[in-house]
Every structure is written in C-alpha cells, then in structure tokens.
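First up is the structure itself, then whatever we jot down about it.
Chain nomenclature is as follows: A, B and C, assigned in order of appearance, with residue numbering initiated at 1 for each chain independently.
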Amino acid sequence: MKKAFQNRNLLVGSILVCFLLLVTLAGIFYTPYAPNAIDPNALLEGPSIKHWGGTDKLGRDILSRTMVAGQSAFLMGLITVSSSMFTGVFFALLAGYFQGGLGNLIMRFTDAFKSIPSLLFAMMVAAILGRSFASTAFAISMILIPQFVRMTRAVVIKIKENEYIQWTKLVGLGSIRIMFLHILPNVMSTVIITASLAFAEAVLTEAALSYLGLGIQPPDPSWGQMLSQGQSALRVSPWGVLLPGTMITMLVLGFNLLGDGLSELLNARTAKPE
Amino acid sequence: MAERNNSKMNPDSILKVEQLVKTYPLPSERIFERKKIFTAVSNVSFEIKKGETVGLIGESGCGKTSVGRIITKLLEPDSGKVFFEGQEISSIKKKDFREKRSRIQMIFQDPSTALNPQFRIGRILREALFSIGIKRRTDQKNRIMPLLSRVGMSEEYLDRYPHELSGGQKQRICILLALLTNPSLIVADEVVSALDLSVQAQILNLMRLLQKDFGLSILFISHNLNIIHYMSDRILVMYMGEIVEYGPCEEVYRKGRHPYTMLLLSSLLDLNADKTSGEAKDSSELIRGESSCIFYHRCPWRDRLCLEKKPLFAELGPGHYAKCHHLDIIEASLK
Amino acid sequence: MLKVDKLNVSIKMNKGLYPVLEDVSFSVARGDTLGIVGESGCGKSMTAMALMGLLRKNIKIVSGQINFDGMDLAAFSQKQYEQIRGKRLSMIFQDSMSSLNPLMKAGKQIGEAYQIHFGLSGDALDSKILESLNSVGFTNPEETRSKYPHQLSGGQRQRVMIAMAIAGNPELLIADEPTTALDVTSQNKILTLIKNIQAASALAIIIISHDITVISQTCSHVCVMYSGWIVEHGKTKDIISNPKHPYAEALIAAIPNAKAKDKELGVIKGNVPSLLQRPKEGCVFAERCKYRMPECSGEIGNFVLKDGRTVRCILYRHKDGGKEQ
C-alpha cells in the first residue's frame, strides 16, 4: 500500500480518474441546467456566473452537457472494455495454450482484423447496424479485442513455460483447468494494465466517432459531438470546445497514467517478491 | 498386449527405456537453407530397478533433461519405447495414461518457478490431490498432514505464498508435492543446483531418507559428479545425447574408463591434469559423421577407427559398460 | 599490496541503515590468490564491489580502509577511481554473455581495451589483439577475433573477458564467480588459465565463489564469509582440512564426500538470515550454531590462532592459542 503512494503515475492517474468519475456521477443527480434545454437569450456566451462553462450556439449550458456526456463516455468505456476484455482474454488463453493449429488460426484472424483501420470499421458498422449507442459500443469492442489477445497471449506463452505449469500437465490436470485456474491468475496483471489503456482508447474512439457524427446522436450530448459543434463557432466563441476538450484530455491522460502506474506496481511485485 | 509387454520387462525393474531418440529442428540461418536437425537424445536405453537411485550425469545441453521429460511424458520422443511398471507408456493415449501418470513424479530444478506464485502452498498441494481424484477437503488434509512433517515443514506454511518461503523450504514443498500422489518413480532434475550449499545438504539428506522409507526409485539428474556419487546406486554418463558409460556407482566413480568420464573425474580431483584437448563446442557447430564416435573431437586417444566406426558398449566389469574402441589402451596407459 | 582494514558497509533501505559488511579485514600480497567463499547473500560480491568502487548509490562505506599500494580507496571519489579501474584494478564477472557487447566482435572488444590503456592503433593494435587471444588459450586467434559473443561458447567468452581484464596489466584482478556459469570441464580450463596468468605476471588475484572446491583448487588463502562477516580467514589447506569456526565447519561437512557415501551430510539448521532479520548484536551465526552459548550475544572480536588464522568466534577466546586482535 505504501508503495502505491510512492508511485507518482498511479497517484496522479487515479486522482484524475476519480475526479472525472465524481463529476460525471454528480451529473446523474444534479446539473445546473437541463442538458438539452435551449435558451435563445444566451447564445454562444463565454463563461459567466450563470453559465460556468458558457453556452453553445443553441444556448445550451456547456457545463451541464459536459457532465452528462461524461456518463455516456464512462458507460461506453466500461461496456466496451469489459466485453472486449472477456472475449480477448478467452481467445488469448486458447491461442497461447494451444500454440500451433488453433492458436495460429486465432492469431491470423486477429492480425487480419487489426489491419482494418478502426475508424473505417466503425463507419462500416454504423452503416450496417445504424447509428446508435449499441452499434458504436459493438464497433469499439471489436476494435479493442486484438490488443487484449496480443498482449495476453504473449504472457500466456511465457507463463506456460514455467515449471509450475509443466507440473500441472505432469499430474494430468485438464486443459480447461490449467488455462483458467492456473494460468489466468498469473496473467491478470497484464490484463488489468491493458484494460486501463484500452479504456482511454475506447473513450477517444467514441469521441472521434461522435465528432464525425457517427456515435451518440443529438440531441444527447457527447464530448466528441460537442467538440465538432464548438469547432464551427470557434472564431466567435472559443469557450465551446474548452470543457469537453479538457475532459477528454484528462480522461485519456488519467487512464494512461493509471495503466503505467499499475504496470510499475504489478511488475515490480512479480519481479521482486520481497 | 499387456501380457507381451510384461514379458519384455525384467520383473524387478520399474522403468525400462529402449532406444529413445529425440531431435529438434534448428533455426536455419539463411532462408532457403535446409533445416538442420539437432539430436538431443540418441538411442538411449537403460533400466531402473525398484527402490534404486540411478544418477544421470552430463553437462548442459547433453540431453539429460530431455530424457527426464520423455519419461514423465512432458515430451514426445521421435522413436523408442518407455516401459513403466510393466506397461509401455510412450505410445499410449493420454486418457489411458491417467491412472499410471500419478505413479511417476518429477521434481524440478528451480523451486522458485516450480510453485504457482498466485496460489498459497495449501492450494498447490490440494491441486495435486485433485489430479488423482481426491476432492474432499478432509481427505486432502488427511493426506497432506503426515507428509508435511516428513519433509520437515509445519502446518503454518500451508497458508503462505511461495515467495514467502526460502529456497530450501520451497524445494521441500516440491518434494512433498511429488510424494503426494504416491509415486513409485521420481525424476529429480538438478534439484539442488539452485540452492546454497548448506541447504543443498538438507535436501539431499531428505531425499535419501524418503527414498529409503517409501521404497522409491529415483532418476537423479545432475551435472555435479560429487552429488551424483553421493545419491546414486548406479550412474549413467551422458554426452551429447548418448550414454557413453554406465555401471555401479563406485565402479564408474573409481574406475570410469570412457575418456569423457575420465575427463569429468579428473576435473573433480586434479586441476592440473590437462589431458584433453579442446573444450565443448556448441553442439550445432560440431561436424560429425553419423558413423563416428561421439566424443571424437575432444578425445586424446582418437584415431581413424573412431572416425570411421561408432563404438559399441564393451563390458568393463559386472554391469559396467563403456562405449569406446580403446578401453584396453586406456587401461594399459593407467598402469 | 591490498590491505582491507575493518571495512563497514551499510545499505540504506526504507529510511533505515542496515549493515551488509561488518569489520571485514584481509590482505592480499603480490602474486597471491585469495578466495572469498560463502553462500548467496553473505556479502562476498558486495566486498568486490566495494573494492572496485562500484557500490550502488544507496550503499555506502561507513568506516574502514581499503589500502591499495599506499592509497586509501575507501576515500576515493568516482573520478579518482576512473584513474585506476581497468588499469591497476580489474575485474571479471560471472555472466560473460551480458558483460560483452553482443554487437561487437571479440577482437574489437579486446582491441578497445588496448586502445584505452595504451593508445595503440593500426598494426600494433592488431598484433596485440592476436597476442592476447593467444595468451588466453585460443589456438586460432585469427578466427576467434572475428566472432561475435553469441558465436563463442561460455568458456570461450569467459576467456575473452579475461583477455580484456588483463589488457591494462592490472596489479589486482577480482574474479566474481568466474566459473559458475560453466560446465565442469570448461571450468577447469578457466581456473588453470587464471593460475597461469598469475604465474606469468605476479598479479594479486581475489576469487569469489560459492563453490569451495573452486577455491581449494586455486587459492592459497581463503576468507569464509557469512552474513557480512569474515568468520574465518587463513590458509586454504588448514581451513578445509580442519575448519575452526562453527559455520566453516558446517559448510565443509555439507559437501558430499567421496569417502563417506553412507554418512548423512552435515546440515546447518535454518536459513541464511535476510538483511532485515540479521541480528543487530552479537554473533551473526549464533541462531544456527550448535555451540551456541550465552556469551554469543555480546561483542565478538577476531581471534588470531597460533597457526596464523583469524577466527571470529568466542569459542577461541582461550582455545588454540587464540588472542584477541
């Protein structure tokens, strides 16, 4: 525990993430204004006591919208990361444990999938399944799977060579038991680190998609969409992009730092047991 | 089928290995080069009797670890047969082997990687019992407790993680782990080479004691001749995939006559005796004809015959054999 | 030539200061070979690092002197060390693979040493490289010089390292576990080589090893270390045939002996204490010692016996002509 506080990346990362989480959670119970309420008397205003973050071109309160948009960002991250994590790790265990036939098949498939540009893929999904939260979530999950497979598989292969896994084969434990009971706990640290980095990527991708008009659909707010709207009025009112932009930056930075910090902490623990 | 196999095996021997061969493809240096093959184990045959400790000695890369892994079925041989307790086990399917599997156990070299770092000791031990179908907690406990004191550990260690134990303690747990399934044969691969001298002695004593009490047969693999001599009833000397000499412990230790055995012995006893030329080259580098003696390049007694004809085992004494053309000359030169 | 006197080294950890070497004293004369033997964590490598001025930042020499040819190395700055390290003081390490540059041919690495020390270049350098490869036992130096480290066997790499270490004509060579990574047969070659080099150039050598047989084959004198103490220091012959300190005695009894196959090996109960568990007062070995007595928890000094060896054990207060130093 003491070590966790000495680890600066971990500390700053978790403070950032906690702060954002707090802001978004607060948005569930209280926002200064209704996020979609239009005020024709206050178009493109700068920050003021009435509107801390200013207003957009329809006179909606940017702070309120940013807070609500955070909810969908976190929700999107949570859903996509957890679904891609489960699928990715499952295939990684298979691919790492059964090197050769099945493993090669999984890896070639992963490689092939990885070669499709992710935004292009998301657009394709949106074109087929329609523009909705669900189709965006599906697309992002698919995009995240390969990195879980690759990162985890590499560790599985390393762990598999350890004598304690050789031993499980020696005494004749079943493959499923070896994979999920003996190998999985040893790759969890890698999975957690990957998940933290993937979370940042998920939010960023969602913002990019919304920016292009493919993600969450108006009038519901999302950071990417607010950025694209604010951009069109950037000359008149630069305030529109400030809050959502800062939020994206802080969140991506926060999760990246968290991932780095965790990897320092967890790897140090496995490398030096004392 | 089983009957016929039975007749092949000496009734008082527990393991018989016949003509084992294991090769690995070497990574080719150029793209279109033909794949080179490295022979790790070449025509290895030996027997282990019930309650006997057989020492397998050789330098790193000589194939001794591969032999251990083939016997424990962690590795498939290219050809050759392994008979264990009257049954051929090298070719049978995994399912049919399940019953016999728990009767062969292995102790690994490095106790710090032989225990799953995420599990407490108790959990690791219970997994071993799970593997032989003992699934009730109380049954598991009844099995573990008496053995725990036999290897000099106490109950409190069951709740610890491997990294909380010292190297010697971990190796004791590994020994306990091997004993849990009630084996008749244990393959011990370099079990003390990762340990400090004072701890090494504890483990060797313990293994000798347990071997006597449980009537175990042990294949003791090591690169250290002193330790092999201390532990074994018989010694097999392995060089580059082949067994070059074998016989009763004292015979080989005092009267080893294969030039390689003599080299090992001389490095043990007298530093200044520099009888041999050349040192071990990378195994991949050695060009040797299929039909020449395996030790040709380093042998001080080599001649044309050694290059042209592979030596066969010649008897030196009761149960003592060496693979060399020039045993008479060597014997004479010692007098 | 080298005289280490009451050297104390401590490590800073978790804001505490933990001793790793306590009152370590020994000396090596020109042409002498001293062995330092002990189990892992006994401080033998730390001693070497202290002599070479290679201690990590959080490890400090607290007191004591390292007298090398009239200079006190313990008070040397890194700058001063650079003047003598590699030249008058040299060292070879256990792991030859990671100590050699994997992307540089063997000949070039040796050549670099000669460039630095003697400013040689061109033909003079070339012939020097071949000569030095020859001197460490390569029969075909032309071929060896153009090989990369991974193309050499462990023993050959170790010989390249030795060639580099002696390039500067050092007066003192420290070999830290020089043969541990090698097979028995190549181990012999390396030890013989070290002996031959010494005979030819009369340099002082310190060999550090966990393997008492390596020490017995090469060293005239030996220090047995345990948990930061030199527990016994004397002639190798004497100590191996008749160890005095209880730890040395137990250590030697633990070696499998060809003559006593049926006897149990001697065993030291318990484990080597870690830095944090190390007793702060009294004898460091007391807890595992079979001769333990109440006096062991007091101050333990060095006792010089009448045959010249030093034993750090209270048993020798009055025994064997023991005189406190």
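One rule holds for everything that comes next: contacts are C-beta pairs under 8 Å (C-beta built on N, C-alpha and C of every residue); 3 or more make two chains touch, one makes a residue touch a chain.
Predicted model only: the values in this text are computed from it and were never measured.
Q: Enumerate, in label order, the chains that touch chain A and chain C alike.
A: B
Q: Relative to chain C, which chain has the most distant C-alpha mean position?
A: The most remote chain is A.
Q: Nearest whole angstrom, what separates the Cα centre of chain A from the Cα centre of chain B?
A: 51
Q: Please work out the Cα centroid separation of chain B and chain C, and write it as a whole number of Å.
A: Averaging C-alpha atoms per chain gives centres 33 Å apart.
Q: Taking each residue of chain A in turn, which ones touch at least two of the other chains?
A: If we look for residues of chain A contacting two or more partner chains, we find 274.
Q: What part of chain B is in contact with chain A in the complex they form?
A: Result: residues 72-74, 94, 97-98, 101-102, 105-106, 108-110, 113-119, 124, 127-128, 130-132, 163-164, 177, 181 of chain B touch chain A.
Q: Which stretch or stretches of chain C touch chain B in the complex?
A: Residue list for chain C touching chain B: 39-40, 151, 153, 155-156, 183-189, 191-192, 195, 210, 212-213, 217-218, 250-251, 253-258, 261, 264-268, 271-272.
Q: Touching chain C in the complex: which residues of chain B?
A: Where chain B meets chain C, its residues are 59-60, 166, 168-169, 196-202, 204-205, 208, 223-227, 229-231, 249, 253, 263-264, 266-268, 271-272, 274, 276, 279-282.
Q: In their shared complex, at which residues does chain A touch chain B?
A: 162-173, 182, 185-186, 270, 273-274
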